[in-house]
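Two complexes follow with subunit A in common, the first pairing it with subunit B and the second with subunit C.
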Partner chain A sequence: MSFTNHRKMQLYGALLLLPAALLLTTFAYLPTVTTVINSLFLPGFRGAPTEFVGLENYQVLFDDPTFWKVSRNNLIYAVGTIPTSIALALGMALFVNGKLRGRGFVRMAYFTPTILPMIAAANIWMFFYAPQIGLFNKLLGMLGFSGVNWLGDPSVALSSVIVMSVWKEAGFFMIFYLAALQSMPPELKEAADLEGTSRWSFFWRVTFPLLMPTTLFVLINALINSVRVVDHLFILTKGGPNNATNLLLYYVYENAFSFFDRTTAATITVVILVVLAVVATLKFTILDRRTHYQ
Partner chain B sequence: MRLRPPFAMTALTAGLLSAAQVNADSVDLTMYYPVAVGGALTDVVDNLVEEFESEYPDINVEAIYAGNYDDTRVRAMSAMEAGETPQLSVMFSIDLYELIEQNAIVAFDDLVETDEEREWLDGFYPGLMENGQLDGKTYGIPFQRSTIVLFWNKDAFEAAGLDPETPPENWEEMAEMAATVREASGGEQWGVMVPSTGYPYWMFQAFAFQNGHRLMSEDGTEVYFDDPAAVKALEYWVSLATEHDAMPDGTIEWGTLRQNFLEASTAMMWHTTGNLTAVRSEANFDFGVAMLPMKTQRGSPTGGGNFYIFEDATEEEQRAAMTFIRWMTAPERAAAWSIETGYMGVSPAAYETDALQRYVEEFPPAAVARDQLEHGTAELSTYQGGRIRRALDNAVQAALTGQMTPQEALSQAQQEADSVLRRYAR
Partner chain C sequence: MNTITALRSRYTSTLSLETVAAWLLAIIWIFPLLYAFWAAFHPSEFMVNFSLFAPLTLENFTNAWSQAPFGRYYLNTFALVTGVVIGQFIVCTLAAFAFARFPIPGKNVLFMLVLIQLFVFPEVLIVENYRIASELGLINTITGIGLPYVASALGIFLLRQTFKTIPRELEDAARIEGCNWLEILWKVYVPLAKPTYLAYGLVSISHHWNNFIWPLVVTNSVESRPLTVGLGVFSAPETGVNWATVSAATLLSIAPLLIAFLLFQRQFVQSFLRAGIR
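This part shows the complex of A and B:
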C-alpha cells in the first residue's frame, strides 16, 4: 500500500469515528469532567466567587444520613429487581419458546409493559396501588382481607416500587432470552434426547451455560437500570414517605433542581460513577472470563 | 451534476428569510407554565394566547406547558443556564427567594410607567400578593392561585345521619363527623382525607395556621416548626387516623385523592380549589365546598402560580411581557380562567364581572376560595425553600406513618432547617 493511500485510509477511519467521538465528548466526557470539577468547589454565598474546597464536599456528603438511607434504598432496589426480573424473563422466554397455543399473543402480552413509557406505566400503577379505589386492594377486599397502603406505608412502599419495576423490565429482558433460545442449534436438543437426558439437566448443563452471554448482557442492563431509575418516582412516591423510596438518581435530581444545590448533586454523581466503574472492572475481569461464547 | 442543498440548509435559509420579513417592531416572547391539577388546562391557555395575539399582532407569545411546578422551575432555570432564558413564565409563587437569589427576575415596580399600570399592580387581592413581594417590591403577579378548601359529599353525610348542608366548623366537629361517616358505613367509607404526598407542607401549614401559628418569618430567614402550636396541629392530623379512625393510616396520595372523593370512598377531602371544576363535572352525587375547619381561627395558606418577568430579557421584551400579563390578569380573563378551572379570580374586579357574578350565583362553591382569602396566609416560602419544604414534608410523613412522634419529627425538621438557614439569619 502506497504512503498516500495509507494516509487516506487513516483519514477515512478518523472521519468515520468523528461523529461518535463528537457525540461522546459532548454528552459523556465533558459533562463527566465538569461534574468532577464541580464536586471540588463550593459556590460562594449570594454571588460570591466559587472556592476550591478539595474533598470537603465528599466529607459533608458522607456525614449526610439521607445519603446513606438513599444508598441503602438503592441497594435494596437493585437486589430486589435484578435477580427477580432476570429469572422471570428467563422463565417467560422458555415458556413462550415452547410449542403453545396462542404463542404470539402471550409473547405480545409479556412484552407490552416494555413499550409503555415509564411515566404512563407509573400513572397506571398509581391507581393499582391506591388504597380504597385501587385494583390490588379491591382484589384483597374480595378475598376478605383489609387493604394495604402500598405507597403510603414506609414498610412496603419500596417493595411496591420494586414490583412495578420488575413488571416493567422482565418483558424487555425476555426478548433477549427468546432471541438467544431461538438461535440455539437444534442438534444439541436432538443429541440430548438420544442420550436420554432429562429436561432439567439439559437446561442446567446445556441451555443455561449457552445463555450466559445473554445473561451477562441482561445483567449489565438491569444494573444500569437500577441506578438510572428516576422517572416513576416522580409519579409514584416523590421519594416519600419520609425518604422511604428515595433512590440515588432521584436524590441527585432533588439536590440539583429542587434545592439548587449543584455541588452536592455533582458530588453524589461522582460517587455513583466511581461505584459503577468498580462494578464494570469486576465485570471485565471476573465475569467475562467465566462466560462461554459460542 | 446539479447541486442539491441538504434539506436542513434549505429550511434554515427559509427560516432566516422569513424572520427577516417579519415586522421589525414585533416582539417574540417565550413563556413556560405549569399545570398542577390535571385536566385540559393547556387548551385553555392556548386559546387565551391565541386571543391575545390577535389583539396584539406585534407580540408573539409561545406558551410552553412544562409539567408541574417543580418541572417548570427546572425548565426555566436550565434554559437560563443555557442562555435561552424565557422572557416570562408562570412559576410557583413560592419560588420567589430562589429566583431572587439567582438574580433571575425583575420587580414589576421597576417596569410600570403609567398611572394606569400602577393601578393595575394595586388591583389584586393583597393576600395573593404576599408570596410575590419582598422588601416592599412586587416580583410575582398572581395567576393560577388557590387556597385549600374542604369538599364534602352531601349524600354521604345524609346516609350517615348528618345534616348534608352543614360542613364541620372546627377540628372537633370534623373529627366527629368523619368518625360518624366511617361508623355508619360499616367501615366501607372513610370520613376525611388530607393528602400527604406532593405538598404535605402545604396542608400542614393550614393545620398550623388554624391553630394560630405561622411557620415562617416575614423575611424568609427563619422557620418555627417545633413550636407547641405546630406540634399540636400535627398531633391532630395524626389523631384523625390513630384516634378517630376517620382517615386511613399512612400517607394519602395527592394525585389519586380526587378520584377517591369522586368514587365516594371518602366523605370529605382537603384539596386545592383548582380541582373544583373537575369535581363539579365528574361527581355523580351532591357535593359542597366549605372553608377549612378552625381550631382557634380559620385559615389556609394560599398556593399556586405567579407570573414572573426575567432579568435577561431586553427592556422591550419586558414591556411586552408586562402587556401580556396585564391582559391575562384583566378582570374578564381572570373571571373566565376561574370559571374554567376553579382557581380564584385574582382581583376583586374579577368577581365584579358579569360572568363571574352569574357563575357564583348559580354555583356558590366557586366563591369559597375567595371568601377564605380573608383568613389566608402566605404559603411557606423561605431561602433554600426546596430543602426547607422537604425537611417539613419528611417530618409530616414520618409522623403520619408512625415512624416518629409529631414532637420528634418537628424538632428534627427544625434542626435541619436551622442549619440550612443559619447563613441567612443575620
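This part shows the complex of A and C:
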C-alpha cells in the first residue's frame, strides 16, 4: 500500500467515524466533563456555574444524611437483587436446560418479564402491593393475618421494590446461563455418569466452576442495572416513604428536576460515574482475562 | 439389578420433583401478567373478588382509550423506535466499518472510548443531557428522545466483531469489479452481517419501546410522549383512574411488543444472547 493511499484510507476511516464521534461527544463525553465541572462550582445566575469551590460540594453532599441514606438504600438494593436474581437465573437455566415437560412454556414464562417495560411491570405489581385491596393483603387476610403496607411502611418498602426487581431481572440473566450450559461439552456429563458422580457434586464441582465467566458477566450487568434502572420508583414509591426506597439515580432526578438543585445533582452524578468506572475496570481487567471477549 | 431399578426410580423421582419446582416457578413468574389480563378483561369490581364466572368485558379498554391519547402514544413510540433503529444502523455501521477495516491512528484508544458508553448511559448523565437537548432545541421532540442513543457502543461493537470475521477476499473481489468503499460496505459487509442487524435491531427495539426515564424528562406533552411515559402519567395514583382501567392501559402499551415476542420468541431470546455476549 502506497503512502498516499494509506493517508487516504486514514482520512476515509476518520470520516466514517465522524457521525458517531460527534454524537458520542455531544451526549456522553461533553456531559461527563461538564458534570464534573459543575460539581466543582457554585451556581450563579440562571444556574450557570460561577464560583469555583473545589471539593466543597462533595463536603456538603457527604454531610447530607439523605445522601447516605440513599447510598445505603442503593447498596441494600444491589445486595438484595443481585445474588437472588443470579441464583434464580441459574436455577431457571438448569430447569429448562434439562428434559422437562412443557419446556417451551416454562422458558417463555421465565423470560416474559424481560420484555415488559419496567413501568408496566411496576403498574402490575401495584395491584399486589396495594394496602386495602391488593392481592398480597387479601391472601394474608384469608390466612387470618393482618395486612402489611408493602410500599408505605418504611421498614418493608425497599424489600417490596427489591422483590419486583428480582422478578423482572432473573429471566434475563437466565438466558446467559442457558447459553453457557448448552455450550458445555456433553462428554463431561457422560464421564461423570460413568463414575457414578451424584448430580449434586457434578453441579458443584463441574458445572458451577465452568459457569464462572457467565456469573461474572451477569454480575457486571446486574451491578450496572442496580444504579441505572430506577423506572419502577416512579410508579411504586417515588422514593418514599421518607426516602426509604430512594436510589442514587432517582435522587439525581429529584435534585435536578424537583428541587432544581443542579449542583447537588451533578455531584451525585459524579459519585455514580465513579461507581460505574470501578465496575468498568472490574469488567475490563477480570472479565477480559476470562476469554469472554473476542 | 435391584440397585439399578432403585437408582433409576430415584432418578426419575428427582426429575419429577424438578419438574414440579420448575413449573411452580414458571407459574409464579407468569402470574403477574396473567393477573393483569384477568383484571383488564373483567369489570373492576371483580379485580379483588376473584370469581371464575365473572363476566368478560372490553369496557376497561374503551375507558383507557378514551381517557388518554393512546393512539398518539403508539404513533410516537413507532416513530421513535423506527427512527432510533435506522439511525443506529447507519451511524454504527459506518463506525464499525472504520474500526474493522481502516488504519486510524490511535484506533484502540478510540475504540475503548466508544466502549465507555456501555457503562455511561445517556440516562446517567440525565441532567447535562437535558441541558444539551434544550440548547439544541430538542426538548419535547421525538428526535430529542432518540438522538442520545443513536451512536450506540453496543451496536458499534457487535457490527465491528461481525465485520472482522468477513474474509478480505470478498472485499478484493468487489474492488476488482470497480466498487468504491461505500459500495463495498453496502454490497459485501452489510448483507453478510444480516443476523447481527436482526439481533441488535430486536434488542434495540425492545429497549427503546420500554425506555422511560430519559423520555420522561425530555417530553412534556402528548405530541411527543411515547407509550411508557404516557402510561406512567396515566396510572399515577393522583389521576384517580380505577385499576381495571389501568391494567387495560398497561396491556395496551405492552401488546405490540408482547405479541411480537410470542411470535418470534426464539429470535428474541437469541438476539438478547448475541447482544449480551460482549
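Convention: the second predicted complex is superposed on the first by the 249 of 294 C-alpha atoms of A that agree within 3 Å, B and C clash if a C-alpha of one lies under 4 Å from a C-alpha of the other, contacts with A are read in each partner's own complex, and residues count from 1 in each chain.
The working rule: a contact is a pair of C-beta atoms (placed from the backbone, for glycine too) under 8 Å apart; a residue touches a chain by one contact, two chains touch by 3 or more.
Remember, it's a predicted structure, so these values are computed and weren't measured experimentally.
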Inset, instruction - Could you check whether subunit B and subunit C clash or fit when both are placed on subunit A? - result: clash
Inset, instruction - Figure out whether A:149 sits in contact with subunit B (first) or subunit C (second), or with both, or with neither. - result: first
Legend entry - Partner chain(s) touched by A:277 [first = subunit B, second = subunit C, both, neither]: second
Inset, instruction - Applying the touch criterion given at the start, work out whether A:237 contacts subunit B, subunit C, both or neither, answering first, second, both or neither. - result: first
Inset, instruction - May I ask you to decide whether A:172 touches subunit B, subunit C, both, or neither, giving the answer as first, second, both or neither? - result: second
Inset, instruction - Based on the superposed arrangement, let me know which partner A:133 touches: subunit B (first), subunit C (second), both, or neither? - result: both
Legend entry - Partner, of subunit C and subunit B, that touches more residues belonging to subunit A: C
Inset, instruction - Please work out whether A:79 is in contact with subunit B alone, subunit C alone, both, or neither, and reply first, second, both or neither. - result: neither
Inset, instruction - Return first, second, both or neither, reflecting whether A:254 touches subunit B, subunit C, both chains, or no partner chain. - result: first
Inset, instruction - Have a look at where A:87 lands relative to subunit B and subunit C in the superposition and call it first, second, both or neither. - result: neither
Legend entry - Clashing subunit B stretch [against subunit C; choices 23-31, 77-85, 113-121 or 131-139]: 77-85
Inset, instruction - Mind sorting out which residues of subunit A both subunit B and subunit C touch, each in its own complex? - result: 126-127, 133, 235, 257
Legend entry - Contact set on subunit A toward subunit B in their complex: 45-47, 126-127, 130-134, 149, 151-154, 235, 237-238, 240-243, 254, 257-261
Legend entry - subunit C - residues contacting subunit A, complex: 14-15, 18-19, 21-23, 25-27, 29-30, 32-33, 35-36, 39, 47-48, 90-92, 94-95, 97-99, 101-105, 110, 113-114, 116-132, 147-148, 150-151, 153, 156, 161, 181, 206, 209-213, 216-217, 227-228, 231-232, 235-236, 243, 246-247, 250, 253-254, 257-258, 261-262, 265, 268-269, 272-273, 276-278
Inset, instruction - Within their complex, state which residues of subunit A touch subunit C. - result: 6, 9-10, 12-14, 16-17, 19-24, 26-32, 34-35, 38, 88, 91-92, 95-96, 98-102, 105-121, 123-128, 133, 135, 138, 167, 170-172, 175-176, 179, 199, 217, 221, 224, 227-228, 230-231, 234-235, 249, 252-253, 256-257, 262, 265-266, 269, 272-273, 276-277, 279-280, 292-294
Inset, instruction - Would you tell me which residues of subunit B are touching subunit A in their complex? - result: 70, 73-74, 77, 98, 101-103, 190, 196-198, 200, 248-253, 255-256, 259-260, 263, 265-266, 384, 386-387, 390, 393-395, 397-398, 400-401, 403, 423
